[in-house]
Structures are given as C-alpha cells and as structure tokens.
Amino acid sequence: MRPQPDPRGDYSHFEPLQMRWADTDIYGHMNNAVHYTLFDTAVQAFLVREGLLDLGASETVFLVVSTACDHFEEITFGDQLEAGLKITDLGNSSVRYRISIFRNAGATAAATGSFTHVNVTRTTRRPAPLVARARAILENLA
Amino acid sequence: MRPQPDPRGDYSHFEPLQMRWADTDIYGHMNNAVHYTLFDTAVQAFLVREGLLDLGASETVFLVVSTACDHFEEITFGDQLEAGLKITDLGNSSVRYRISIFRNAGATAAATGSFTHVNVTRTTRRPAPLVARARAILENLA
Amino acid sequence: MRPQPDPRGDYSHFEPLQMRWADTDIYGHMNNAVHYTLFDTAVQAFLVREGLLDLGASETVFLVVSTACDHFEEITFGDQLEAGLKITDLGNSSVRYRISIFRNAGATAAATGSFTHVNVTRTTRRPAPLVARARAILENLA
Amino acid sequence: MRPQPDPRGDYSHFEPLQMRWADTDIYGHMNNAVHYTLFDTAVQAFLVREGLLDLGASETVFLVVSTACDHFEEITFGDQLEAGLKITDLGNSSVRYRISIFRNAGATAAATGSFTHVNVTRTTRRPAPLVARARAILENLA
C-alpha cells in the first residue's frame, strides 16, 4: 500500500524550520535531500535544548544509522515549515524518531519519515546504553 | 533483522562520486543527509548520459517520491567514493533504484539505500507512463 | 588594513536565520560556505516579502554576480542567528547589499560580506533596468 | 572596472570537481554558494594530498577568514568542472589562494575568486607560523 502522510494531530512536539533559497532545485521545489538536513536539525535542536547533547562535553553522542522519507507535497521557497517529532522505538541504546514536515497550515504532512539514532561512546563509537535521565526525557516524546 | 550492507558484486553499474570538505560534520564523518545528494547525483548522471533526461527539452521529468538509507561505515574526507546502482522495481511510471555507496576498495557498501522516482509531465506534475525507449534502457540496469 | 566586523547599529533591517546541524564542519563551527546560503536566503526572503520577486510570474529575476565574506567569530549549532541587511549601491540594473551575520546578542558581526545582484530578463538573462516600484523599495533599504 | 575571468593559462595546478544534482537552483544553474564548497574542496584536497593536513593528527589546522567570488558564466548539471588553484599571498601564518572554476573546455573561468586560510593551533585557535616544510610546498603553488 502506498504510504500516507501523517496528520498534524499525530504530533504534540514541533520544531520550527527554515527553508533556504538554495534548497530549491531545478524543478522549483525543495530538493529531496534537504528533508534530511531538516530532520537532523529538528532532532538535534531537541536534544541540545533538553540537555541530552553537549557538543563540547558529552561522553556519548548520537550517530545516525538509518533514515527514510516519503514525499507527499512539493515545498517551495516562502513556505513556513515545521517538523512534528515523536519517538516510535526506544531501545537500549537506540532511538527511532518519526518526523513529519508540515508546510504552512497544512493538516497533513508534506513529507513523513523516520530517523534512527544510536547512542555511542564518542571516542570508541561503540553503542552505549541510554542513561536514566536521557531515557526519561525521550520517553516523554513517545 | 538488522539491515546488511550490499556486497560490491551485487552491482554492475557504478557512478563516480566526489566528497566535499563541507560534507563532514562535527563528528568528523560525512553527514547522513549528504548520502541523499549523492544518490540523486548518481541517478541523474545516469539519466542524462543515457538521454533519458534533457533538462531543457524533456516533456517529462522524474520526481523523487521516496528514499531510504542504512549506514554501515563512516565516510571521511579523502575517501574515494562511487555508487553502485541498479533498478529493483520498474512500474508503469515509477522506477525504484537500489543504491550503495562504496568507499575506497571496500568489498561491502558503506551505505545502502533506495530511491524511487516517478515520471511526471513537467507542467502538470501528473504521472506519465515510461516510453518504450526509456523502459528498454532502464530494464538494462535491473 | 584588516577588515573589521560591522556593529549592529549599522543596520536597521534584520532577517532571522536558522543554522542547521549539517552546517557544522569537522572544526565544530559553521562551514564558511554556509554563510553564503544565509546571505542568499536573507536577500530573497526580503525580495519575496516586498513583492519584488514572484517565482512563478516575474519577467525579471535577480542573479548573483559577485559575493564576498570576512569571518570574525566562529558560529556553532545552537547559536541564534540573524542577518543585518542594507543596500550600499543601487545601479541601473544592479543592487549591492552589505550583509552581516550576528549571533546571539553580539554587538558586532560574526561575519560581514557583500552580495551583488543583477536584475535580468528571465528568458534572455540580459540586464534589465529596475522599474520604479522596485527602485523605491530598494532605496528604502539603503 | 568590472572583474574579468582568469584565463586557463594563469594556472598550472588543477583539481577535479564534481557538480551535484542538488547544486542547481530554481534558475537552472549552480547556486552561487556552491562555488565556495568547491573552493573549499579544491584547497583541502590539495592540502591533504601534500600532507599539510592530517585530520586526525595535525596540531595546526587552516581556518577560512575571507573569501570572495565573481561569476562570469552559468554552470549547469552535466558540466565537467575543475578548479585552477594558485597562491597569491603567503604570510607568516596565512595563505591566500586565487581559485577559478572552469567548465568543460572553457578558455576562461566561469567564476574566479579568492580564499584566505589562517594556520591556527587546533586547540587554541590562535595563529601559528607556517613550518618550513609547509612553506616550501605552498611556495611551489605560487
């Protein structure tokens, strides 16, 4: 069955996003790869704000292991964008987000995708279990 | 089951790719969104070379409707990159590619993903059936 | 003499900008090329809002012919960014902007640059004189 | 006086570059900010190859303090690109490159710019004098 766009009501957490002029490709719409830079930005903004990632000091960091995106509407420069964000799987060291990009007052997503992070020790890049505080904050986004 | 990297032998068609300095993110590796700009570049380079896309004249163009990528190895500046490319589904108006990014002499992919194009009329953006010549060329990449 | 950062008071028009996670390069700061995608975004956002550019309908468009940027402070993910924008030269068909990127509450610019647009006929790409309405709006940004 | 494109003969060192599909913007040509990602890539590829930058081990790194670019020809997807590279100023700790982007067999540059690096201690980000070996290699590119 063909994928369907998520309705706005599926999300309770949103992150504002800004489209850039250079994001538009020759077809006059936001290039498909840009969606992933927006996914990345929405998730990391959430993590930094919640204190789950301190770029200078964290012993563990989250690395991306898998992403996917389905496109439902073209996005053009001037559109107001935001990401709906929720967690659909919370493992021992991994976190899977579901993310939708909404444009303007759209009731359904212009694009919906998934984004899987693995928590790793910064130096060794080996998976590290999520600490209790991180787990509590992330469970809140489920 | 965890996704596995494709072996090089799964592909017979390759496109050369170039990593850029700015592709590296704070973790010292190629940012996950860059893989999709490389997928896009590999597919479009193939289409232009085969005469399936003439940016000035084509009445139909291919728009991306769905992409995905699993990451297996970190890629760093200085790595020699190429994309293995094959078609796994050829519909009436859609084409699904499987794409792997190989680094240096790697026997298995650093990242493997999928990339689905729909052939549309440029002005209306409605799906248009692939013409016989396009179909013949694309079947060759299966 | 070494270039100096513009003080905030040199500008009366500001455009909000958003840094992206992928903008950070291996040195942990916003890569130097990103500044130019922000310049581009600030100027085009202004033009679209003022009705000087209608992506579907305008017979003339602005193409970039020259840009430059001096860097004074490193920008990192989490910084709040905005562009100060003013016009320093308004020719028959060209517009030269001076643009500064300010981070957080900074009194002086993190980066200051210039950005020159030429107004051209969309089809021929030949310079076209600015119409009176455009000139009036642009003079206001001087 | 209006800037003029450099002729190919002004350069003896060239770096191959690859345009990406997403580099094209709504006007059907390579977006102006992309040129700077290509400048960056050409210079760093040279530095890594010459052993002047070891991303894991170097105590000093080069940070960009100033760039500029004049555009003479539009670049489109499918063009073969290369950068001509030479050093025009070699200071105690700074290096100024002149860089031109050539497309296809073009006798003159599609874009010509400058790119200034300062050699800094990685941890303190304070300027560090170029060592004799670096200076010798860089003088060779003048």
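To keep things simple, chains are lettered A, B, C and D as they appear, and every chain counts its residues starting from 1.
Quick note on the criterion: a contact is a pair of C-beta atoms (placed from the backbone, for glycine too) under 8 Å apart; a residue touches a chain by one contact, two chains touch by 3 or more.
The structure displayed is predicted, hence computed values, not measured ones.
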| item | value |
| --- | --- |
| Identity of the chain that, by mean CA position, is farthest from chain C | B |
| Selected pair, greater C-beta contact count between C-D and A-D | C-D |
| Interchain centroid distance [CA atoms averaged], chain A/chain C, Å | 28 |
| Intercentroid distance (Cα basis), chain D paired with chain A, Å | 33 |
| Approximate Å spacing (C-alpha centroids) for the pair chain C, chain D | 22 |
| For chain C, residues contacting two or more additional chains | 21-22, 26, 28, 31, 33-34, 37, 40, 55, 77 |
| Chain B partner contacts - residues on chain C that touch it in the complex | 21-22, 24-26, 28, 31, 33-34, 77 |
| Residues of chain D that touch chain C when the two form their complex | 3, 26-27, 31-34, 36-37, 39-40, 55, 61, 63-71, 74, 125 |
| Residue ranges of chain B in contact with chain D within the complex | 16-18, 20-22, 28, 37-38, 40-41, 43-45, 48, 55, 76-78 |
